[in-house]
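Several structures are given next for inspection.
Here subunit A shows up in two complexes: once beside subunit B, once beside subunit C.
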Partner chain A sequence: MTFRKLSRCLLFGMLTSLLLLRGDEAQAHLPNILRPGEVFQVPDPLLSFALYGTFSHADEVFEVRLQPETPLAVPIEIMVPRQDALTNHRPLFAIVGKGLPKASATELAQLPRPLPDGMGVVLGRYEREDREILFESFSRRVLYTNGVVAYVLPAGDVRMWVWSPSGTTGKFVLGFGVEEGKQDFGNLIANWGDYAY
Partner chain B sequence: MGVSRQTSDRYRESPSGAVRTIKGKGSAEPADGWLYLTPVGTKPRLVASNFRPLLAKDVSMNSSLRHAPWVPPLLTPLLLALSVWTGCGAEQGPECRAFVACVAKLDAVKLTQTNVSRFLPEGACWGSDKSAQVCESSCRRGVIQLLAQEPLLACPQGVTP
Partner chain C sequence: MLTKVTTVLLVLLGLSGRPALAEQSATEAPPADHRFTAQLGIEATVVGFSVGPRLDLLYRLGGPGSFSNLRLTAGVLVGPEFVYLPVGLGYRAAFRPTKTVQPLVGLGTEVHLFMVAGHVFRQWGVVYLEAGSGFAVTQRVSLGAIATVDWATIGEPGPGLAARLFVGYRF
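Moving on to the complex of A and B:
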């Protein structure tokens, strides 16, 4: 067997093995679509998710809910395709839950909705004016990010709201957690239009 | 998931459009005994430690493989897949050590027990250099965020203030 032939066999076998071995677990890491007006319930906050949404109108709000059993430290960031048309598209997110700091008057004014009784809020922010960029090699796309931050979410009912404070429209991705190394290629291919740009 | 942050390269773009990389520690240094694939975008080539090409004679030297010619195309990829699957990545970084310590102080104040499993030495953060880089960034900012939320916490801010 020539070296070239062996290499091809190895690569084919490796890819096949990866798909076969990891097919079941990949289901837990589906990239998901957020829709305005609908609540996306995170089934297991211990896993990582990439949640894709599109602002078609300026006043839309996307909501994600999760129920950690204990307080949970998790990296969260919001990303936008790096396109000239989206240079000023900077969606914000808020983490809402009991035990989080009380909202200041400024924060309350920024929120897209009134805070539920007894809940505090943490606002995601853009770390700096020049935008951090990442190359996402799974979908082969380049994205702006607000800068990933490890937040401590309280136990119980936690909500995340995503909105566009300056009224810009366009795609975004809410990144939740850190990749555990399991990916769902089938879903990516089947829903390429939702994930790519 | 769609966004694979363990395989992401991060950099900044200044308002003028200039770009500089902010990659973490190098990930391409070979360690003896491990097999490497060339980076995505180049012609795939299997190489052994010290980047010496893996030759047919390397395989034929192994008697168990020589007597079972069907093994190399199946077992070797399986081993490679397992090595990728189980992860052979980074160690817990200083920023996340600082973050975990800060969360522990927060827990002591609030009488809670926060799940920081992602950031612990055996956590998902350290499955690869890329995910480690993401976690270190998130931990650095996470300490700052915690101090903003709980100003009375006495947490050192890791290695990069």
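Moving on to the complex of A and C:
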């Protein structure tokens, strides 16, 4: 094979590679945007989500709702971009639902809003002063995490609240669930600024 | 309006087929055979933000008419969450080296090191594809722009996208 033929083969290989680099079959945590004052309704509690939010004000509360048909063990973590400005930014989350432990007076004082009647609460805590760091390979982000812990969610109406107990502002990601889902690339592109930076 | 658009298109077509400016004045002696090209660029990564310099060293494979080049590359890019160090080896097809507009495409492999707090926190291997164009300033100097997509195939899977502006020099 002459050198020119080899070069043409390489060019053909490049064009073929472009066709093979399809991303629409990629499976990953489903990203979406959390906004304060709005409720994000989880369509399927068996799927895993990475929900991106930003505290612009200290008193904002973000809410997620899901409806498991049966009690469900779900890993949950809260992450913050590993950036100098966010070293002390440690949002907290609480799981609220019927059948969960009754809140203590201390817990009630920590919550950002009153508990609905008949509902209990579990607070996601930072067990360690120093935070683990993880690398998210699809968005190439480095994030602080409070560590993944699996919580048993009761069946029925379950809510997750995220707030900033120290009043710090900045970005965060609430990650939960197990099964990865098919990506919506329109959503990814439309909200890339929130997911990637 | 149609006339203006047509005029612009004709001017662009004329530019793309025009020999490099310096080449026009170098008709007295045959052009030197420059096998090497060094390109220094400023790159910005779109997936996982970082910005910094990247150096490409190209070695032309084959004779003077060949569009094939071996590419060695390395960079140091700094972002708010990590320092990104790509090192790679690849193939680049650079067309029309004596013309003003010099399209290029390429593919290859790179190792990406992501440093956090002074330590290599993550490393992986990717396959990349690149496309862009150089624009001759003189016979040896060119300016250009390149877009690159990559996919991590060794280590955790993940996409990459970057853009780069460069100045190139043949020697």
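Operating definition for what follows: the second predicted complex is superposed on the first by the 157 of 197 C-alpha atoms of A that agree within 3 Å, B and C clash if a C-alpha of one lies under 4 Å from a C-alpha of the other, contacts with A are read in each partner's own complex, and residues count from 1 in each chain.
Heads up, the rule we're going with is that contacts are C-beta pairs under 8 Å (C-beta built on N, C-alpha and C of every residue); 3 or more make two chains touch, one makes a residue touch a chain.
Since the model is a prediction, treat every value here as computed from it, not as a measurement.
Trainee: Check the contacts made with subunit A and report whether subunit B or subunit C touches more of its residues.
Mentor: B
Trainee: Determine, under the contact definition given at the top, whether A:Leu108 touches first (subunit B), second (subunit C), both, or neither.
Mentor: neither
Trainee: Applying the touch criterion given at the start, work out whether A:Pro31 contacts subunit B, subunit C, both or neither, answering first, second, both or neither.
Mentor: In the superposed model, A:Pro31 contacts subunit B only, not subunit C.
Trainee: Could you look at A:Pro81 and tell me whether it touches subunit B, subunit C, both or neither (first, second, both, neither)?
Mentor: In the superposed model, A:Pro81 contacts subunit C only, not subunit B.
Trainee: Does subunit B (first) or subunit C (second) touch A:Val39, or do both, or does neither?
Mentor: Neither partner.
Trainee: Check the residue A:Phe135 against both partner chains and state whether it touches subunit B (first), subunit C (second), both, or neither.
Mentor: Both subunit B and subunit C are touched by A:Phe135.
Trainee: Under the contact definition given at the top, report the residues of subunit A touching subunit B in one complex and subunit C in the other.
Mentor: Touching subunit B and subunit C on subunit A: residues 3, 6-7, 10-11, 13-14, 17-18, 21, 133, 135, 137-139, 143.
Trainee: Tell me, which parts of subunit B touch subunit A in their complex?
Mentor: 1-15, 19, 40, 44-46, 53-56, 59, 72-74, 76-78, 80-82, 84-85, 87, 96, 99-100, 103, 106-107, 110, 112-119, 124-125, 127-128, 131, 134-135, 137-139, 141-142, 145-146, 149
Trainee: How about subunit A: which of its residues touch subunit B in the complex?
Mentor: Within the complex, subunit A contacts subunit B at residues 1-3, 6-7, 9-18, 21-22, 29-31, 46, 48-50, 52, 68, 70-75, 77, 79, 99-101, 122, 127, 129-139, 143, 145, 147-152, 155, 173, 175, 177-184, 187-188, 195.
Trainee: Sort out for me which residues of subunit C touch subunit A in the complex.
Mentor: 45-49, 61-62, 66-68, 80-82, 91, 93, 105-107, 114, 116, 121-122, 124, 127, 129, 149, 151-152, 155-160
Trainee: Going by the contact rule set out above, which residues of subunit A touch subunit C in the complex?
Mentor: 3-4, 6-7, 10-11, 13-14, 17-18, 21, 23, 26, 81-84, 133, 135, 137-143, 196-197
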